[in-house]
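Dropping a structure here in C-alpha cells format, bear with me for questions.
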Amino acid sequence: MSLAAVEEEPRHPEGAEPDYIRGKSGVMSWVLTLDHKRIALLYLGTVTLTFFLGGVFALALRTELLVPENGVMDAMTYNRMFTLHGVTMVFFFMIPAIPGVFGNFFLPIMIGAHDVAFPRLNLASYYLYLAAVCLGLWGMIHGGTDTGWTFYTPYSTTTTTTVLPILAAAFVNGFSSILTGVNFIVTIHTLRADGMHWMRLPLFIWALYGTSVIQVLATPVIGITLALCAVEHFLGTGIFDPARGGDPILFQHLFWFYSHPAVYIMVLPAFGVASELVGAFTRKPLVGYRMIALSTFGIAFVGFLAWGHHLFTSGQSAVDAGVFGFLSMLIGVFTAIKMFNWVGSMYKASIVMAAPFIYTLGFFFLTVFGGMTGVALATISLDVHWQDTYFVVAHFHFIMAGAVVMMFLGALHYWFPKMFGKLYTEGPAMVGAVLVILGFIGTFTPQFFLGNEGMPRRYYSYPAHFQWLHVTSTIFAYILFLGLLLVLINLIVALANGKQAPNNPWGAPQYEWDIPSPPTEHNFPATPVINRDPYEYRGQEIIENAN
Amino acid sequence: MQTDATIDHGHAEKPPHLRFQFSDSARQFHAAKFGMWLFLGQEVMFFSALLCAYAYYRNQFPVAWSMASHRINTTFGLLETIDLLFSSFTVALAIHFVRLGRRGITTLLLFVTLCCGLIFLCMHSYEYYTEWHEGLLPGRFFHPEAEWHLPMESAMFFSCYFFTTVLHSIHVIIGVGVLGVIMIFNIRGKYSPAYYTHVEVGGLYWHLVDLIWIFLFPLYYLVA
Amino acid sequence: MSASADSHANGEHKHHGLSVGGYTMVFLFLIFCTLLTWWTAKQDLGDWNLPVALAIATTKSTIVCLFFMHLWGDTRVNQFILILSVLFVILMCSLTIADVNTRFPLTAPPNSERFKVPANGQLE
Amino acid sequence: MKVGVMILAAAFYNEWMRKLLNLPPQASSIAEGVDNLLFFVIAVTTLVSIGFALVALVLWAVYRNKGKGTVGQVVHPGIMFEVVAISGPLFFFLLWFFIGFRQYVEMESPPDDAMEVYVMGKKWMWKFAYPDGPNAVGTLHVPVGRPVKLLMTSRDVIHSFFIPAFRMKKDIVPGRYSELWFTATEPGSYEVFCAEYCGTGHSMMRGEVVAMKADEFDQWLAQQRNGFASRQQDSAVSTEEAPRTEANMVLQGQRLAGEKGCFKCHSVDGQPHIGPTWLGLYHRHEHLSTGETINVDEPYITESMMDPTAKLVAGYGPVMPTYMGKLTAPETAAIVEFIKSLRNPELQAQPSEPPTYEPSRR
C-alpha cells in the first residue's frame, strides 16, 4: 500500500474490473449477491426503513404526550406504540445498523481482504434479519404487543396482545446477529492482508471485533430467554410465573445478561466510527491508538458483568447491588479513556470541518453526558430514585440512540463517496447535522428534568405539572425529525445527481480511501500488502468537496 | 493498494475448493474450524440460560428437585450417555480415516454415528412417551400421580428438563442431518486428505452435542 | 493465527489427532467415567453428590474437547473461545444465584429453603 | 473529611440546586442525603460534558485546517495523559459508588421499631392495610418522624412503588414480598406512582402518601380502628384482599366447619377418615372414581359441598350429604377459605395469598 506505487500506476485501467454497483445488473444479482458491499447496501435499505418506522412511532408518542390526558390515541395504542418503537429501534435498527451496513462494507476492505470469510453466511444473516423485520411487521399489523421491549414477565406471558410474533422476530434477529458476529471475527482473524498486524488494524475494526465477541456470547442467552417466554405463553411451563413456582426475577437476570452487553453491541461500532472520523478529519495520527483499542475489550468484558444494575430496585440485596454497582463504574472508565484520546487528538490538529465531523462533535457531547448519567444511574442510591423514570429514558437515548444515530449519519456522510461514488452537497448536510444534534439534545434534555421530578416512563397520562417539559421535548422531536428528513433528501439528491467522487475526497489516511470509488467487485486486483499504520498521514492533497 | 504480482501467491495452482477470498487452503480450513468453534461457544451460551434457570431453582428447591429426578428413568439416561459417547468416538475415528484418505471406512463410521444419533432420538422419544403417560410433561400437562407427593415446585424441574432435553434433541436432529449430508458427499468422493473441512467441522458440532449431554446426564438423571 | 499465516503457506495442515488405539483408550476412559458417575450418584455423599458429579462431568468434557475435538495442540484462539464461554456461564450462574441467596428472606418463594415460616403465622 | 465538607457545602445550596434540577420536595429522612449526592454527581456530569464539548469546539476553532495539504502535528502525549484519563474518572466514579452504596445500605436496613403497613399492588390500584385493622385504597397515611416499613406484594404482575418526594422506589413482585422503609419528615401529601410497566392502566396506577403529624396520625388511626367494623360493609372500600379479613374468614370457616359437623368425616391433620383429609387439599391433584384427575380448586370444593356425589375422589364412598341450602354463600366461602388455609407447607402456596409472615427483626 505504498503511496508511490499508487500514484505511478493507473489504478483503474480501462477494461479492468468494473465497480461493484455496475458490475452486474438485474434483480437477482442483488437479492442473491454474495458481495459484502452489495449485502451492505441491502442492509442500508432495510435499516433506513426500520429507522423511519421507529421514528414515526416515536413522533406519535411525543404527539400524544403533548397533553396530560387523552391525546391522539388511547392508552392501549400508546402502550403498543412505545413497545414497537423500542423493538424496532433496538432490534431492527441499532443492533444491525453500523455493523450491518458499514461493517459489512468496510471490514474486508480495511483489512485488505476480497470479501468476508463466509459470504454465503453473510447473505444468510441478512435474510434472517429481513425475516425478523418481516415477522415484526406482521406482528405489528396484527395489533402489535404492549409489553415494552423488555418483555418483563409475568406481564408478557399474560398479555392478550400478539406478543409471539414480536418475540419470534427478536429471536430470529438474534441469530442474524450471532452469524454476523462469527463471520466478522473469523474474517478479522484469517483474512488480514500481509503486513496487517493486529496493531495496524483500524480502530473501527477493533470496535467491530469487540462487538462481534459480545454478539456471539451474549445473544444466545436472550434467544433462549425469549423462547422460554414464548413457550410459557402457550404451554404454561411456568419458569417465570410465580403462580407455578417460577420467579420473574430470573427473567430479568437472563434478559439483562444479554441486554446490558447489547448496549455495547450498539455503541461500540459507533465508537469505532468516531475513531475513524477523528482520524480522518484531524489530519494527524490518532492519539492513544493502543488505549482506544484495548479499552474496547475492557468495555466488552466488564459490560458482561454489570447487568445487575438494572435490578437495583427489584429487591436486590445490598451485597449483590454493591458488586454490580462497583463493576458498572469500571465501564465508565474505559469509555472515558476513549473520549480523552479523541478530544486529545484534536490538539495541534488541522481540522477539516464537514458534516461528518459535526456529527462527531455532537457525538462527543451526547456520549459524555449520556455516559456519565449512566454512571450516575449506576450509583445505587440515586438509581433508586431514577430507575424507571424519564431520567433513564433520556440517559439511554443520549448514550445509545444518540451515539448510534450520530455515528450512523456521520459514517453515512463520510463513506458516502466511497460507497456510491458520488459527492453529496456539504451545505444542506451541515445544516441537517446541526438540526439533528440540536433536535436530539432538545428532545431529551427536558426528559432528564422530567425524570428528576419523578415522571415514570411508559406513562400514557401524567399529572399536569409535567406538561411544559413534555411540550418542550415534543417540539424538539419535530425539529429532529425535520433535520433527519433534510439529511435524507440531501443524500437522495446526491445519489441521483451527485458529482463523481474521486478516490479520496477527504484526503483521509485510512486504507479504504486508496481503492476506487466505488470499489470494484473484488475490492483489489490482487491481495494487497499493507506497509503503514492506519492513521499515518501521508500528505495527500485535500480534494475539496463539492461547494 | 499496491498491485504486486510477486506476492500474489497461490493463484496459479488454485485447488477447486479454495474460495477466492482465501489465499491458501490451510487458511480456509482454519477459518472454517475457527468459525465452528465460535459457533460452539455460542451454543454453550445458548444452553447456559437453561443451566442458569436450573441452578437457580435447584438452589431454591433442592427437595423438590431430588424427588422429581427420581421420576425419570436413570437407566435410559445411562444408555443414552453411552450411546452418545460411542457416536463421538466413531466421529473422531471418521475424521482420523478421512485424513488418511480411506473413504470406505469413513463412510461406515459416519453411518454408525448416524445410527447412534437415531437410536438416541428413539430412546428419548420413548422416555417422553412414558413421561407423557405419567403426566410429567410441564405446564398445563403436568398431572403427576397424587401418591408420589411431588411438591408443586417439581413442575420447575420438569420444565427445565423438557426444555433442555428438547433443545438438545433438536441439536441431535440437526447433527444427524448435517452428518448425513457429509456422508453422502463422502460417498460421492468430495473429500480427500487435502480437503475434508466439512467432516472436521461437522464432527466438532457432533462432539458438542455429546459434550452438552455429558452435563445434562448427571444434572437431570442423577440428582441424589 | 498471524495475518501472514506463513506457517501454513504450503497448504499443509497440522494434524493433532491420536491413533486409533489412542481414540479407543479415550473412549474406554469416558465409559469408565460414565459408570463412575452413575455409581457415585447411588452413594449418599451428602452435599458432595453435586460437586462430585460435576467434577466427573468436567473431566469427561475436557477429555472430549482435548482429544476428540483436537483442542490439544489446536490454536490458542480456539481454546480461548471455549474457556471464555465457560467462564461467562459460571459468572452468569453464580452472580444470579448470589442475588437470590442474599435477598431479604421474604423475597424468596414461599416454599423455598430461604423463606422463613413464621412461628405464629398471624399478621401482628 | 472531604465528604463531610462537601456535604456541608452542598447543604448550603440544597434548596437552590433542588429547584434548578426540578426535583420534588425532600420529604423523607434519606432524601436530603440522596439529593446532595445527586447534585454532586449531576454537577460534575454537566460540567465535564459541557467542558468536553467546549474544549472540542475551541480546539476546532484554533486548529482549523489552514488550506490544502496542511496536516496536523504529530503529538505523543506522555504516559501522564493516560494516567489522568484513567484515574480522574475512576476517582469520581468510585467516590460516587461508595457514597451511594452506603446510602443504599441504609435504605435497605429498616429500624426495628418501624411501623408496618402492608401494601398490595394490583392492576391498577394500591391497597394499604395496617396491622390491626384499617385499610385503604390509594391513600397511605403515615406519621411524620416515625419510621414506617412497607411490606409489599402484588396480585398479578410486577409493579413498582415509587414516592418521588421520598426518593424511594421498590418493585413489587407477585408471589414474593418486598420491603421498603422511610421516615417522613415533612407533613404533606405526596404523589405515588407505579414505576414498573403493568398494562393499560399503568399510568393511572397512582396514589398518594399523606404524612401527618404524629399525634394527628394516632388520632386518625384510632378513628379508623373504631370505624373499621362499619367500614367493612362499605363497598367503596373493598376489603376482600385485606389480610386481616382473610384471617377472620379462616377463623370463621374453622368455627363453622365445627358447627356443621364437617370434622366428623374430614380430618385436618392429614389422616384419611370417612372423607379425604382437608390438609393440603387445596390445589391437590385428586384422582376421581371416574379415573379422571382433578385439581382441587374453589369451584370444586364448593361443588363438593353442594353436590358431593358428582365428583367423588377415588377410594371414598358416596356418603356425604349435600349442604345445599344449609350454608349461606358467605359461610360457604368461609369454609373454602379455611380449607385453603390448611395448606401443607410442602405444597403450594398461592403467591398472592396474604402473608403468613413474621416481621423480620434485625
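For reference, chains read A, B, C and D in written order, and residue numbers begin at 1 within each chain.
The definition used in the following text is that contacts are C-beta pairs under 8 Å (C-beta built on N, C-alpha and C of every residue); 3 or more make two chains touch, one makes a residue touch a chain.
These numbers come from a predicted model, not from an experiment.
**Q** Tell me which has more C-beta contacts between its two chains, B-C or A-D.
**A** A-D
**Q** Using mean C-alpha positions as chain centres, tell me how far chain B is from chain C in Å, no decimals.
**A** A distance of 15 Å separates the two centres.
**Q** Hey, how far is the Cα centre of chain A from the one of chain C, in Å?
**A** Those two chain centres are 34 Å apart.
**Q** Using mean CA coordinates as chain centres, what's the gap between chain A and chain B in Å?
**A** Result: the chain centres lie 34 Å from each other.
**Q** Using the touch rule from the top of the page, what residues of chain C touch 2 or more other chains?
**A** 5, 77, 84-85, 88, 92, 96, 100, 104, 107-109, 111
**Q** Counting only residues that touch at least 2 other chains, which ones in chain D make the list?
**A** Residues 108, 173, 175-176, 178, 346-348, 351 of chain D each touch two or more of the other chains.
**Q** Hey, what residues on chain B touch two or more of the other chains?
**A** Each of 9, 23, 27, 30, 34, 38, 41-42, 45, 48, 52, 56, 60-61, 151-153 in chain B touches at least two other chains.
**Q** Pick one for the touching-chains graph, please: line, ring, star, complete, other.
**A** complete
**Q** So in the complex, the part of chain C that touches chain A is made up of which residues?
**A** That would be residues 1, 3-5, 77, 84-85, 88, 91-92, 95-96, 98-100, 102-104, 107, 109, 111 of chain C.
**Q** Would you pull the chain B residues touching chain D in the complex into a rising list?
**A** It comes out as residues 63, 135, 143-146, 149, 151-152.
**Q** Going by the contact rule at the top, pick out the chain B residues touching chain A in the complex.
**A** These residues of chain B touch chain A: 1-5, 7-9, 19-23, 27-28, 30-31, 34-35, 38-39, 41-43, 45-50, 52-53, 56-57, 60-61, 138-141, 152-153, 155-156, 159-160, 162-163, 167.
**Q** Could you please specify the touching residues of chain B with respect to chain C in the complex?
**A** 9, 23-27, 29-30, 33-34, 37-38, 40-42, 44-45, 48, 51-52, 55-56, 59-62, 64, 74, 78, 81-82, 85-86, 88-89, 91-93, 95-96, 99, 151-153, 194, 203-204, 207, 210-211, 214-215, 217-219, 222-224
**Q** Which stretch or stretches of chain D touch chain B in the complex?
**A** 283-287, 293, 346-348
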